[in-house]
Amino acid sequence: MRDTALSLDVQATGVAAVDLRRKPRLGEKVIQSFLLICAVTSIFTTVGIVYELARESLHFFTRQSWENTNKRIVADVGAQAATFEVSQGGAVLREGDIVRLDEEVMQIVSRTSDALTVARGQQGTAAAAHDAGATLFKASRATLREFFTSTKWNPQIGHFGVLPLVISTLITSSIAMLVALPLGLSTAIYLSEYASERARKTLKPILEVLAGIPTVVYGYFALTFMTPLLRSILGRDVVEVYNMASAGIVMGILILPMVTSMSEDALSAVPNALRQAAYAMGATRVETALQVVVPAAFSGLAAAFIVSISRAIGETMIVAIAAGAGPAFTFNPFQAAETMTGHIVRISGGDISYDSIDYNSIFAIGLLLFFMTLTLNVISQCIVRRYREVY
Amino acid sequence: MNKLTRDVLLVGLTLVALLVTACGGSAPTTAPTEAPTEAPAEAPAEAPTEEAPVEPSGKGVSLPAVNPLELEGDIIAAGSSTVYPLAEAMAERFKNEGFAGNITVDSIGSGAGFERFCVAAESDISNASRPIKESEVKSCQENGREPIEFRVGTDALAVVVNPENDFVANVTMEQLALIFSDQAETWTDVNPEWPDEPIQRFIPGTDSGTFDYFVEEVFDENEEPILSAANTQLSEDDNVLVQGVSGSPYAIGFFGYAYYAENEDKLKVLSIEGVEPSAENVDNGSYPLARPLFIYSTAEIMQQKPQVAGFINFFLTYVNEEIRAVGYFPASEEALDASRQTWLDAMGQ
Amino acid sequence: MKSISANGAFEENIPQRRRTGQIWHTLFQASTIVGIIFLSALLYSVLNQTFGLVAIENQVDPAALAVGGVSVEELSKEQLVAVLQEHVSKGLFRRFEYDRPFAQRSREEVYRLVWQHVVAPQAVETWSLYESIFARDEIEAAVAEEFPDATLQFRSWLNRRLLTASQSSDPEQAGIRTAILGSLWTIAITILTAFPLGVGAAIYLEEYAPDNWLTRLLQTNINNLAGVPSIIYGLLGLAIFVRALEVLTSGAMFGATDPTTANGRTILSAGMTLGLLILPLIIINAQEAIRAVPDALRRASYGLGATQWQTIWWHVLPNALPGILTGTILGVSRAIGETAPLVVVGASTFVAIDPRGPFSKFTTLPIQVFQWTARPQDEYRNLAAGAIIILLLLIITLNALAVVLRNRYSRRL
């Protein structure tokens, strides 16, 4: 019955028989699968990011790295000796340190100014004889506790505290937000509430131009203009050549267009009816703007702010050029202190061997950075969903 | 290997044969201005080959003339940021005089340079401002590379302060150790007559040969005090250090002399133990922080890549003409002769 | 707002509220102006360093080159060749002869060589545009005192040599040709990677995807990826493209390794890393463009018996194309300006020869600016400013193109 219903009677219509059943289209299926694969690459990207960051961070926290202490044993050491002399100079060794001579691992029980007493054959290695002149290596390991609580970052000598980098990142981002938030919101209010159509048409493209300028140009601007300006205003003694403040201020200029643009979108989305109602009640323009429109657009504004903070935290080039090249634990914004992103760039800008402590450490820092920005982004999306007013 | 490499090798080997049999020591004979593939058996026409290698003391060692126009291929060098300006200058001159291939020089620090040379086996020449370490020689050998050392010059490590600094012009080694360690926070901690301001320190990063050298000479190989000091900025890029010291009145830093020479108007150099870093003090050995500059390669690379051998030859021949302009000091004639002899030995002469 | 006074009457308080309103109005206007001021300050600081006076000193005084009382400008070609031979190194002279024999060169050419290599004018000090215009007298006095042999010249550091010369240690000779070519090669790979993947993903999400958990996951994932800092993409590129896929990215798999680098730090890695970076942007923009196509169009097409893909390919995409292109152009302009991920992936410090293909070492324009900014000598400041202008022109052109496209075609539907 189906066949007869779905085919035209040649006699009746005079045209050739046409089969109108649904045809299986293989080509369509293939194309659809291909498009699905395209969409799924985005998942691979995220998976890739998380996997690589996590893997190297795991290495970072579990590896036992050996630093060369530049100390050597003075005379041949037999397989049984528990005490032997070491050369002067080199790194400082303390009781409880794990050391390595050739392939054997030992633990220091006690020490005098030129001799060590050790427990031999630790960590599953066999006690063996060693020739004079063999170098001692000291073990160091990064622990999570040290990572988050110690205030010194220097993997070469066993200091693994990430706090100086994090504090510096937070300080520069805070300064950036102090600049960008008030200015951005005010500009957005002006553009959406006060500006004429023509003014808006000319101003918005200008702001978009600001948004497109590469960050390295902002870095150049920070070093050649902002730092000398700050130094001439506040004095060369107060403000160092590399400092967090000028990087922060310029970062604020960088994210200003983003804040303005997103805030303006949020404010424009508020229906005009609300404004008209307020005017009808006798409110002035500013009263309407500040007490009616802004609260109504709150979710969009909050989202804009949080996304901008996340952008400021992830910003690299400005701080790499202008904020300093050495981790420093300080709260003074006029001093130099390296941020998380600046550190990653400096370390990888040279050359890193794939299994060194430095290579692992940049991934650990990267993982922390990823979590910080991801959390901020998720929070902003939650806020939008929860507080969005539906009109 | 691809066709290009094969052609280059063929041409190169022929050229090397030519050069070796050519008259050694004197001015480069009429180098062929047409296409280099003309090559082969012109060789025997020139003077006896014995003239090329070691001549008795006094005359020094001379290398066979090298013509950059006839060399092709690529040369990869990487390593010390101190040696970098010198290597860059020689590479540019090599290119200006006609070398058609690609020379890349990366400034990543002596340690990282050896890493790339020995472990990754990616570079042909490793620049270093310190001698190669035992452990690095071992890792090279594990990868089938036997490093050979060429001394190319001398650096007087410049300890610099800001030009506005009027209270210190000379430091002793003990004071240096104190200034750069975590024992001193302000200038007063080092010398009570100096101002009570925090010391801003700008030092090369830990991958830098300059760093290793300083730690060896001043801290007896213990890197903890200098790395634990407060207010310290580290960078493998000496330019960043120059900017830092020139920007702050209470700053102090150290790097290769060339970086001071190029920025003399922004920096003030200190004398160490009463000795100034000058050409004579470096020559007579009285400046305590004078250190040798090296480039490393292997005989195998030099023989397989004649352009590398040619470049090293060029380097050793003309380095003294360029080194002062760069800002460093020439190595002694004996040292250069030894390097040239090493070159000849490596090429099998 | 309005206040109720003690006796219950309603005070409108209008003059004070109006004043408050005006103050706020001015504040808002001022904020807008501040944004424009910042942009001007940025442009000013760049332009200020691009043009200015330079004090030029000659390595060799031309007067000293006179032969037999005849000044160097009047010398014959043979005499000039002799002067050249006397003052430049043998190797350099040999090179000149090799490039073009002196017999074939004109007198002017030889004179130019003498000027460039023997007299060798060098800039010993530079001044900014502001100082050059407003402090001219002080500059002249300073030059007369410190560099008595120097002449003052007004120079634009943004000149043809900047564009055509390759990198050099001498600021007089340095240029951005290698960097621009590196940028162009990298962007080509970026577009090849990101455009098909991005548009494909957007089509899937808008046209085919059912409303289930997978789709929501994909959408959230893409939105999150758009907010990930660029340096994380650099780390990803380093770990995966440079290290894990070294066989592919170094070209070893194709037997096409570049002789200067046997590892994965190639243009291919850089391009793919940037491609992943701008992928979320392209997807989001393309999605919006496709969403903007009215449903009526699709229904009409189905009504005529077209399949889904036929509808998309022949009707939806052509209409969404301007929006998609806008998004792509914005993404590309972002990628051109990216520095941090490429530094992590491994751009080189001193690359003297132009990239030969996707498996070459690379350096890009923003990285060149970064390196020059880090150098303390003043001439590099000027060079960096010139390079920045080129970079800005490139990006502003792209952005303007995108805005024009968007404005022109958004009105149509």
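To keep things simple, chains are lettered A, B and C as they appear, and every chain counts its residues starting from 1.
The rule we apply is simple: a contact is a pair of C-beta atoms (placed from the backbone, for glycine too) under 8 Å apart; a residue touches a chain by one contact, two chains touch by 3 or more.
In this text the structure is predicted, and so the values were computed from the model without any measurement.
A.B. asks: A-B versus A-C: which interface comes out with more C-beta contact pairs?
C.D. replies: A-C
A.B. asks: Going by the average position of its CA atoms, which chain sits the greatest distance from chain C?
C.D. replies: Relative to chain C, the chain whose C-alpha centre sits farthest away is B.
A.B. asks: Rounded to the nearest whole Å, what is the centre-to-centre distance of chain B and chain C, using the mean of the C-alpha atoms as each centre?
C.D. replies: 33
A.B. asks: Distance between chain A and chain B based on Cα centroids, please, to the nearest Å.
C.D. replies: Here chain A and chain B have centroids separated by 37 Å.
A.B. asks: Which whole number of Å gives the spacing of the CA centres of chain A and chain C?
C.D. replies: Computed value for the inter-centroid distance: 23 Å.
A.B. asks: Do you know which chain C residues sit against two or more other chains?
C.D. replies: 374
A.B. asks: Quick check on chain B: which residues sit in contact with 2+ other chains?
C.D. replies: 106, 108, 120, 240, 243, 246
A.B. asks: What residues in chain A touch two or more of the other chains?
C.D. replies: Counting only residues that touch two or more other chains, chain A contributes 349.
A.B. asks: Which residues of chain B touch chain C in the complex?
C.D. replies: These residues of chain B touch chain C: 2, 4-5, 27-28, 31, 33, 67-69, 73-74, 76, 85, 88-89, 91-93, 95-98, 101-108, 120, 122, 237, 239-240, 242-243, 246, 262-263, 266, 318, 321.
A.B. asks: Under the definition above, what is the set of chain A residues touching chain B in their complex?
C.D. replies: Against chain B, the touching part of chain A is residues 68, 70, 88-92, 135, 152, 154, 156-157, 159, 236-237, 240-242, 324-326, 328, 335-336, 346, 349-353.
A.B. asks: Where on chain A does chain C make contact in their complex?
C.D. replies: 25, 27-28, 31-32, 34-43, 45-46, 48-49, 52-53, 56, 182-183, 186-187, 189-191, 193-195, 203, 205-210, 212-221, 223-225, 253, 256-257, 260, 282-287, 289-291, 307, 310-311, 313-317, 320-321, 341, 344-345, 348-349, 354, 362-363, 366, 369-370, 373-374, 376-378, 381
A.B. asks: Report the residues of chain C in contact with chain A in the complex, numbered from low to high.
C.D. replies: Touching chain A: residues 1-2, 12, 17-18, 20-21, 24-25, 27-32, 34-36, 38-39, 41-42, 45-46, 49, 196-201, 203-205, 208-209, 217-218, 220-225, 227-236, 238-240, 243, 276, 279-280, 283, 307-309, 330, 333-334, 336-340, 343-344, 346, 366, 369-370, 373-374, 381, 384-385, 388, 391-392, 395-396, 399, 403 of chain C.
A.B. asks: Quick check on the complex: what are the chain C residues that touch chain B?
C.D. replies: 89-92, 94-95, 97-99, 101, 168-170, 255, 259-263, 348-353, 361, 374-377
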